[in-house]
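By written order: A, B and C. Residues from 1 in each chain.
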Amino acid sequence: MAITDISNRKKFPANGNVYLPNIAVIEKIIEETADTRTFHFNFKDEKLREQFTFESGQFGEYSVFGVGEATFCISSSPTRRDHLECCVKRVGRVTNAMHRLGVGAEIGVRGPYGNSFPLDYLKGKNLVFVAGGIGLAPLRSLIWNVLDNRNDYGNIDIIYGARTPGDLCFTYDLDAWEKDSSVKMTTTIDREHEGWSGRVGFVPQVLEQAAPSAKNAAAIVCGPPVMIRFTFPVLEKLGFTPEQMITTLEKRMKCGIGKCGRCNIGDLYVCRDGPVFSFAQIKDFISSEY
Amino acid sequence: MNDIESKLRTEARNLLEQGKVNAIIGFAPGSLKFTTTPLITGDKEDTDRLVINPFIANNLSVFLHEIEGPVGIVAKGCDARSIVSLIQDNQLAREDVFILGIPCPGVIDLRKVEKLVGRDRDEIDDITRDNDRVTVAVGGENKEFSITEVLRDDCLSCESPAPKEYDLLLGEDNVVVGDRELSRSHIRELESLPPAERWEFWKNEFSRCIRCYACRQVCPACFCERCFVEESEPQWISPLPRWQDNLVFQATRVIHVAGRCVDCGECERACPVNIPLRSLTGKMDEIVEELFGYKAGTDKDAPPLMTAYVPEEAEDFIR
Amino acid sequence: MYRRKRKILSGDNMKKIKKKDIGKLLSKWQADFTVFTPSRATGVARMEEWDGKDTDFLTWYRNTVIPPKNNILPNMEAMFRFQKDEAGYQLEPVTPEQKQIIFGIRPCDARALTIIDMVFKDTYEDRYYLTRRQNTVLVGLGCTNPYESCFCTSLGIHPAQSADVDLMLTDIGNELLIEEITDKGKELLGKSSGLTDASSNDEDSAKQSRETAYQKVTRKLDTTGIADKLQASFEDKDFWEKVAAKCITCGICTFLCPTCYCFDINDEISKGSGARFRNWDSCSFSLYTKMPAENPREEKWQRVRQKVCHKYEFYPRLFDTIACTGCGRCIRFCPVNWDITQTLESVPEHSAV
């Protein structure tokens, strides 16, 4: 499976300047967990609001002016365009500053950057989504994209887990997918927790137990690095080839356009040749660089 | 090869052979003229490359925190004091380090030589020392200088050229032909300036700092795993190389190493843009001695200066 | 006056200027450009705005400490300013406008710019770098006295010849021979004075001078198959740990390197308004790749491996050129004399991956 060529992607730099953000306004804030929030926003410029397009898997560089910029995927689906969404976990300077913003606040958005999930490859296949914690955010964009074009795809399995029930993100989506009869939804938490009557177990283990078939299938994985590292061997055991395993990686990023140098894995830049990769592309580097 | 060198090589080899140390840290010939380079090895055959000459500039104790288990380390007087200071700060256990003490007659400052002969170091044919005379062979001529003209400034004011703390002393305890006044002359000059001019001077110097952090990285006293400049919440100073941030960075760093700095001069030697950092660290050392009667790295059992509370300390500043 | 045009390699009549007349030439150029020349006035050798009189640099100048990349990719530059008013945030991009001449750039540093041009043009154009680049005229000066640390010749670069500059000067004793290389250079030559025609003797002297400089570069590095060798050794932790043992992970090699271009982006505010800057960053720093959950290059040997492989394996795979020009600054200024040529020569022969 080839890396998606991004050279013909639509670019939306303000004033033709690729480092200049476009101004966007926060319209809604959802508290997903104690340290994670989803922001619904729209561009201030009417024309840009209409013209802006992106694909599932792409990310943006979001600015809190005066504090800095940080990278988050666009977690809404391109099939639902009345607003855009990003999901932010509070871990450092910029993310903390973002969490202090309220509805109506202005942020800067540069993007969309990166490649996207290969829909052409995924069409007609059975899809297995494996996610952990906030890793569901980029996958969510793809899941809604797929569900909004349900007939183009085969079976859909979603396995999602978090450390505790309080760490589960997008619970409103989990409910919707639970109710969707065309989707097999499995939610799990790492360890027994008071009040939780659902599945218990680490995501890779639950995946192994669910044992989805690898025939005409593709697995899309996203989560903390340790979860991804343990998930790939399970998928291999289930018969998935490295090309059938797709993931989206996270790296420290600044420019988002393959210039500042820091997000590379070998000669691949996660911001430009990724963040979506097949395991086949990165397996040589996975032990020491990722 | 001189006598001390051959003794050093034998001792280092023995230490490795007998399994008394996991690695030896010393000096090997560098890839440039008049340069040595740190040699860090667990292979006893490498010990044949160890050298002792007037260019053993580095303070090797900066490598100690990276190597597990007992290590043999070549230490000049200043380096040994750094080791003692690290022991005081609990960064190192005394039994984990085997100090191969080198009584040091002083290290030659190549920048001074270059200035005196008006050529770059790779254009010089040879530099040889004979006690307190140094001969520089350049452009077909032999130029002679007094040792006080070419020694590093910190060597000129060195009070303990031979390590006081060691496991083996390779050579006789010695005295450096020094000139304390000369070595501190820049500090005295700066002190004589009115504050406004002093500020202009340092503002100018720090305008060319590029924040390479070489000063911090060569310094054994800077052993923090996460330096204050790397903190983002709160962000103490900006990562941007503006003179204001550069100056605050260095001033803060110097204060952080108060009581740990042994005036080895590595920070100034490493600085690629020639900022006279030793004028700051040297002044700090003077202040530390004046206020607390304390000299870094002289007593491994003493508590570190800035972390010890001594009830008898002067409290006359509390009014 | 009739002048028979001689057929020379460059095709045009070559000009020359007496070294003592350089000041007049620079003054003439200063009318339309900001002229940068080698200078030690700030305390370190680098390209500074010409003070209008000093031409002594011709006597001491071998190469600057801070590479001329600083004039095109400054160690700190504002990208845009922002301010908040009742209508919300207003952003004002900063446009580099200065027309500048870098006088005396060496072939290694000029080639370095050609090399890093590729990354700033790739896919998304970096306006800041490219505008400065467009606004800059490079007047190259061939070496006469390479350092012992120079190894440009091993990377296909001639210490006294360059196609990466707009005008190329060769030292022929009391005079400098001037060659037009590009149209930009030709245009600058048209704005010059104090030039005379060069004779064929002058061109012979220049040839001699170039050859002498070439022979003086004694440090050699064999780069045959280096990218493949590095790829095969990528997982060799023992090798890389040994290589990295004495590195102290400061930023000197990367900041003084003319082909290193990695940068950081930071905001600064003051009283309600502010700006977004970019500044030099280094893959040698542990903060460079640090993420909240983990750091893929936590350990020193991983960062040293990244630096070497990026220059000699990854960049060549992307842009077909080694990202190193053998200027030798990293070797000269490294506080521990870590030497990239020694490292590259010791890369083990592993069987291909």
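Here is the rule we use: contacts are C-beta pairs under 8 Å (C-beta built on N, C-alpha and C of every residue); 3 or more make two chains touch, one makes a residue touch a chain.
Just so you know, these numbers come straight off a predicted model, no measurement behind them.
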| item | value |
| --- | --- |
| Identity of the chain that, by mean CA position, is farthest from chain B | A |
| Most centrally placed chain - per-chain CA mean versus overall CA mean | C |
| Centroid distance [mean C-alpha coordinates] between chain B and chain A, Å | 50 |
| Chain A-chain C separation of Cα centroids, rounded to whole Å | 39 |
| Separation of mean Cα positions, chain C and chain B [Å, integer] | 32 |
| Residues within chain B bordering two or more other chains | none |
| Residues of chain A engaged with two or more neighbouring chains | 92 |
| Shared-contact residues (touching 2 or more other chains) in chain C | 264, 266, 268 |
| Of chain C, residues touching chain A in the complex | 79-80, 82, 84, 88-89, 91, 93, 119-120, 122-128, 234-235, 237, 261-269, 274, 276, 278, 281, 283, 288-294, 296-297, 302, 306, 309-310, 313-315, 317-318, 353 |
| Parts of chain C lying in touch with chain B, wherever the complex brings them together | 42-44, 62, 65-66, 75-76, 145, 147-149, 245-246, 248-252, 255-256, 264, 266, 268, 277, 279-280, 282, 285, 287, 300, 331-333, 335-339, 341-342 |
| Contact set on chain B toward chain C in their complex | 30-33, 35-40, 58, 62-63, 66, 120, 122-123, 204-205, 207-208, 210-214, 216-218, 230, 238-242, 266, 269-270, 272-275 |
| Contact set on chain A toward chain C in their complex | 6-7, 11, 13-21, 23, 25, 44, 63, 65-69, 91-92, 106, 108, 224-225, 250-252, 254-255, 257-264, 266-267, 272, 284-285, 287-290 |
| Residue ranges of chain A in contact with chain B within the complex | 92-93, 96 |
